[in-house]
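Structures given as structure tokens follow.
Consider the two complexes below, in which chain A is the common component and chain B and chain C are the respective partners.
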Partner chain A sequence: MTAGENPFGDLLQDYIVECLPLAEQVGDAFVELERSWRSDEPGDDLLTTVKGRLHTIKGNSAMMGIAPARDVAHALEDACGFLGRAPDARTADAAALLVAGGGLLVELVGGASPELDPAPATAFVERVRVYLTAAPGAATTGSDRRQTERRGPRSDEGGAAGNTVRIDFRRLDAMLEVLGEGLIQHSSLVELYRRLLRKVGAGVELEELDQTVLSLQKTLTRLESTLMEARLLPVSTVLGRFPRLVRDVAHAEGKKVRLEVSGGETALDKAVLDRLGEPLLHLVSNAVAHGLEHPEERTRAGKPAEGHIRLRAASVSGRVTIRVSDDGRGLDVEAIRAKAESLGLDVRNADDAQLHHLVFVSGLSTAERVTTLSGRGLGLDVAANVIHALGGTIEVESRKGQGTAFTLSLPVTLAIVRSLIVEVDRERYAVPLSHVAETVRAEPEAIRQINNQGVTQWRGDLIHVADAGAVLGTPESSRGLRPFYVVMTAGAKRRGLLVDRLIGHQDIVVKGLDPALGRPTVVSGTTILGDGRVACILDVVRILDGAAHVN
Partner chain B sequence: MSTDARAVAEPLLGFADSLPAAAAGTAAPAAMLHLLTFTLDREEFGIPVTQVREVIRVDGITRVPQVPAHVRGVTNLRGRILAVVEIRTRLGLTPAVVTPSSRIVVVELMGRALGLLVDRVSQVTKVPVDSVAPPPEEVVTAETDFLTGVARWNSRLIMLLDLDKVLLLNA
Partner chain C sequence: MPESFLVIDDSKLLHQMYRLIFSQGDLAGSTVHYAANGREGYAMLAAHPELTLVLLDLNMPEMNGLEVLARRQAEHLYPHVPVALVTTEGSEEDEARGRAVGAWDYLRKPFQPSDIQALVRRARELRRSRGAA
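Right, the complex of A and B next:
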């Protein structure tokens, strides 16, 4: 956990990227050895290369705590060592053992995670042990034959896993692309149907067309949910690594910590999970290093010496929330205030909640010390940025002496987002429905101008209403009030956005922004609409965050 | 991908290398540069065909808010999103007015596809490598920075664009 610039979520990925090719080379080399031995070539050099690679894999696996891969690499290393010294033992059965081990190693490294099932590795290590005990004394064909019989079907297959196939996630992405095209074609059909209806009026054929398009939509929706389900993984794949981390950080910091993880079964799109590790890791290590007090301090404050960190995931109305809470000292509002003032921010009238929120502002981390894990380059502002980039929100609550809680709210998937399509100065935009509270007809008398900002009453609150043309910088902005506004929400923030037309709801396939487009702050991605045109997806979180920058 | 980029740069490097040799009169079998040429205003520009993926008609370019200067927007290239560069303003000309003859030249740069909005695509032209000279010193405009050379061939003047430089938008 000490090597490398980035000790966070990408570590496991780095391990796989580094070791999988090695493991594959090892596997290939064993197949090659099997062939060589069959034609009575010794293959000594192959054995030597393989041993080096196995050693690397063993070391890296040990460092990452992937014990099954470490053990299999170790066992294979032993077997290769023995076979290097005993040319007579280079039989077909020995080769079969190596080939089986190589295959297993590829599987273990490729599927590396803290939850890796240790059973196949244990079984293989035992096989090697039995082989090595039997082989030196009687390296005869007889003993090898017994070995062959022992082999049988692979122990890691069958049973409940019988109906499972391993599939490259990129293939799921590819399927999603195809589905996306289907969805686009469906919207084209709907548009075409509407045009036909206007042109030729209602008729039996059109009604049938309408029905067919409707059932096509149902089919596509079913396909979509099946495909989305296939992309979901339990949050535990990320949360699972925290017990170890918390233990390590607690040890380094001289703290006593009890970690409670719940809701690990909550499902999230792998694409979201992959990017969630880093910010979560930061929040958790931060909680241990800075949130919790030292045991003596806790005892003095009348708290249990052992700190308590809770990591809770849950599904809440189509989103996933993850809460990281501690029962530590709470945020030091006075320190934040002082720091904010030193940075020239006006916080005279800020209340505690507003001051708490400042921990997400760059340069305002109040940590007194830089610790090995939590202080390395990644501030809370960076963690918050990652969450925002995922279309999520992050909020903090804290009470002095009682603890701090960070609550993340994330979309279940990034791939397909149900959105409201709106039109502004003849440009179309998609607003993710998860951020739309309501669409309202804008009555001129209901919107007042205060400090050059539109303000209206909405559900008993005063909210700002901004002109979408101004927010999006449309080249030919129409004058005057637009007829509708969309109430957008992100966490506790809300704001109205005035638009010209509400086009309708649509499942859109999210496409990224080309790097050539720089980093716009008001749009998070693009999508293709039914007419084949590209529309930008509004980045509601950042629009609401940057509300102050918009006049 | 980087090998692609190298393959793409090869013709240009090739002619750069060949310049002194041509001056010295080494009679190699006439090496030809294959160029896709297009016009911006009245001037003709060329890029190596090896760098061109395809040429498409302009069918709706969506403006994207807050993008760098010289990015016209994005368009739908068979279900993929293609960023379209306003190469005219990049070269110091007025923004393009899309007409029926406007085209998007899809080029590949560092393994990524990018679209160049041009007024009109002429054709694929072969010019001898030794017809290429460095950009003339006397024509000192901003655009000479973006040229690798100028080809004079059959009474045509084709300016060879340095795509790497032209499309380095964030610099």
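Right, the complex of A and C next:
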């Protein structure tokens, strides 16, 4: 397949072994240059050394057909060439450009594969081109021109890049705030329209108002999707650092590992991506350190000595899934069972899947379990918490002797969440629609009490139904059956939540919680509703998790 | 008699690539000497007048490709052995400087196995025509 395209495809590992240290030296040298220039040292020697290394990386990347690394090395070479001739241009901005490029180069070389996402490289090359064009006294050399022409037709993005403006992400956040206000005002208009309709009855003017409000909503939706798109970055910006990590961990652990990364082009909101790095890091390094066996052990088990870790991202029905899988020893269910029992959990009737899920429970995931639990516990509760805080879910599947897979499902964005607004004890709450399966009128005879818990038939299954007041801990919680329940789902779990009123659907702009308030267990954030009231956003995953533990 | 070649390149990766190329087709079975820098390469060249072709990288630490060629020219070391200068840019400046110090041909990165095969064919023709002359 891929190896066939380049005659030297089989030498990919040799390429990384040779070029990654060079790229790292380049990256370090740029950091050193930044420091030198700040203290007004010219750093000419460094520039010369770096140019030689860049040249080697460029040549080797070209031979291997790793175009993004070749192009970034080339752009950096051009930038260094210019800066070598123009001491006056050695500014903090120029240093920042080099440092950014050095980091990117390390990622590209470390993560080299024929499927490497070209977008970050294209963007960087364009950045250098713009810099070199705008820098005082910079003239594009013949070789630059040739290179640009050759790159031109290769990607559409490259062609469009001429119209690209770089923008501080905080400005996108500010625009989102403004959009949020627009959405709030829209909801106010809708409410006003309804009040008018009740007061004066239908009429031509109201009909017109209705149409205008409707088109306003369409405009806002268009604005929202445009703005959301601007916030999206390819997942490769996070996945790109893993080849290096895997290499380092594998080396430290004496493992042989082949890492396969795919779906890097899948787009996610930068705000989600920024917080995703840490939990993924846990999962991937755990997979290498504890999921995979040592080469001898694998050989004894009749497996290839080289372990295989897959990192796959994909868009699935409006969400992004990221799967981290290994072909290692799998989770040790008996060790999990023993640990769970020692913690006083009743796991007599738990099946394997339920036991696997316990690795996300804190206490079961302490470092002391590293050896007996194949180390799967290490930090997994922490990783799971971060994923949940992002409105995501994490699932685990494992087969003894065959491997373990963690599947993360994440919302594409955190910023705007389409939600169902409900009322409980005169307070309003938002339930993200991605977690709402259905809203049902609660008939007293349809809900039975079993072990002090409400249970009802829903789509042929028995599900628990809990009072929202009790879940939320509102003071007036125990006053009979509320008239509706919302069936909430997360992964395979579901549960009904009894509420007083269903207000409607609304796009809400999520505001974080004041950290001073601590971390409430059932609320993930707040938002402002159409009438200006503040509403809490329910953390459905946590509510369902809590339910699971009570059971 | 099997043919022999000399590769002078500071990149181990490139050595691997040449190994791959020289193990295929009618090149299989030929002897290839490898040098990791210009100085070492020059010494190997001096030891092997029978070489069919030398592949010389331009950019190397210690002694670069142009320096190797310049020294060979100055010392008249086996002018009959064709030396191809391997460059990444292939800028006209480099080529002119290479020709001035006796480079026989150029090979630009990225190259394909077929490029090396073609170079070898031409080097053989050169040898035959000289032998005939």
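Keep this in mind: the second predicted complex is superposed on the first by the 370 of 551 C-alpha atoms of A that agree within 3 Å, B and C clash if a C-alpha of one lies under 4 Å from a C-alpha of the other, contacts with A are read in each partner's own complex, and residues count from 1 in each chain.
Just so it is clear, a contact is a pair of C-beta atoms (placed from the backbone, for glycine too) under 8 Å apart; a residue touches a chain by one contact, two chains touch by 3 or more.
Everything quoted here is computed from the prediction, not taken from an experiment.
Is A:534 touching anything from chain B or chain C once the two structures are fitted on A? First, second, both or neither.
The answer is first: A:534 touches chain B but not chain C.
Does chain B (first) or chain C (second) touch A:18, or do both, or does neither?
A:18: touches chain C, not chain B.
On chain A, which partner's contacts cover more residues, chain B's or chain C's?
Of chain B and chain C, the partner in contact with more residues of chain A is B.
In the superposed arrangement, which partner chain does A:469 touch: chain B (first), chain C (second), both, or neither?
Neither partner.
Who does A:52 touch here: chain B (first), chain C (second), both, or neither?
In the superposition, A:52 touches chain C alone.
Taking the superposition on A as described, I'd like to know which of chain B and chain C A:60 touches: first, second, both or neither.
After superposition on chain A, A:60 lies in contact with chain C alone.
Tell me which partner A:511 touches in the superposition: chain B (first), chain C (second), both or neither.
first
Show which residues of chain A both chain B and chain C reach, each in its own complex.
In chain A, no position sits in both the chain B and chain C interfaces.
Under the stated contact criterion, what part of chain C meets chain A in this complex?
So the residues of chain C touching chain A come out as 10-14, 16-17, 20-21, 59, 61, 88-89, 91, 109-113.
Under the definition above, what is the set of chain A residues touching chain B in their complex?
Residue positions touching the partner: 177, 180-181, 184, 427, 472-475, 511-518, 520-523, 526, 528, 532-536.
In the complex, go through chain B and note every residue touching chain A.
Residues 59-60, 62-68, 71, 73-76, 79-83, 85, 112, 114, 167, 169-170.
Can you name the residues of chain A that touch chain C in the complex?
7-8, 10-11, 14-15, 18-19, 52, 55-56, 58-60, 62-65, 143
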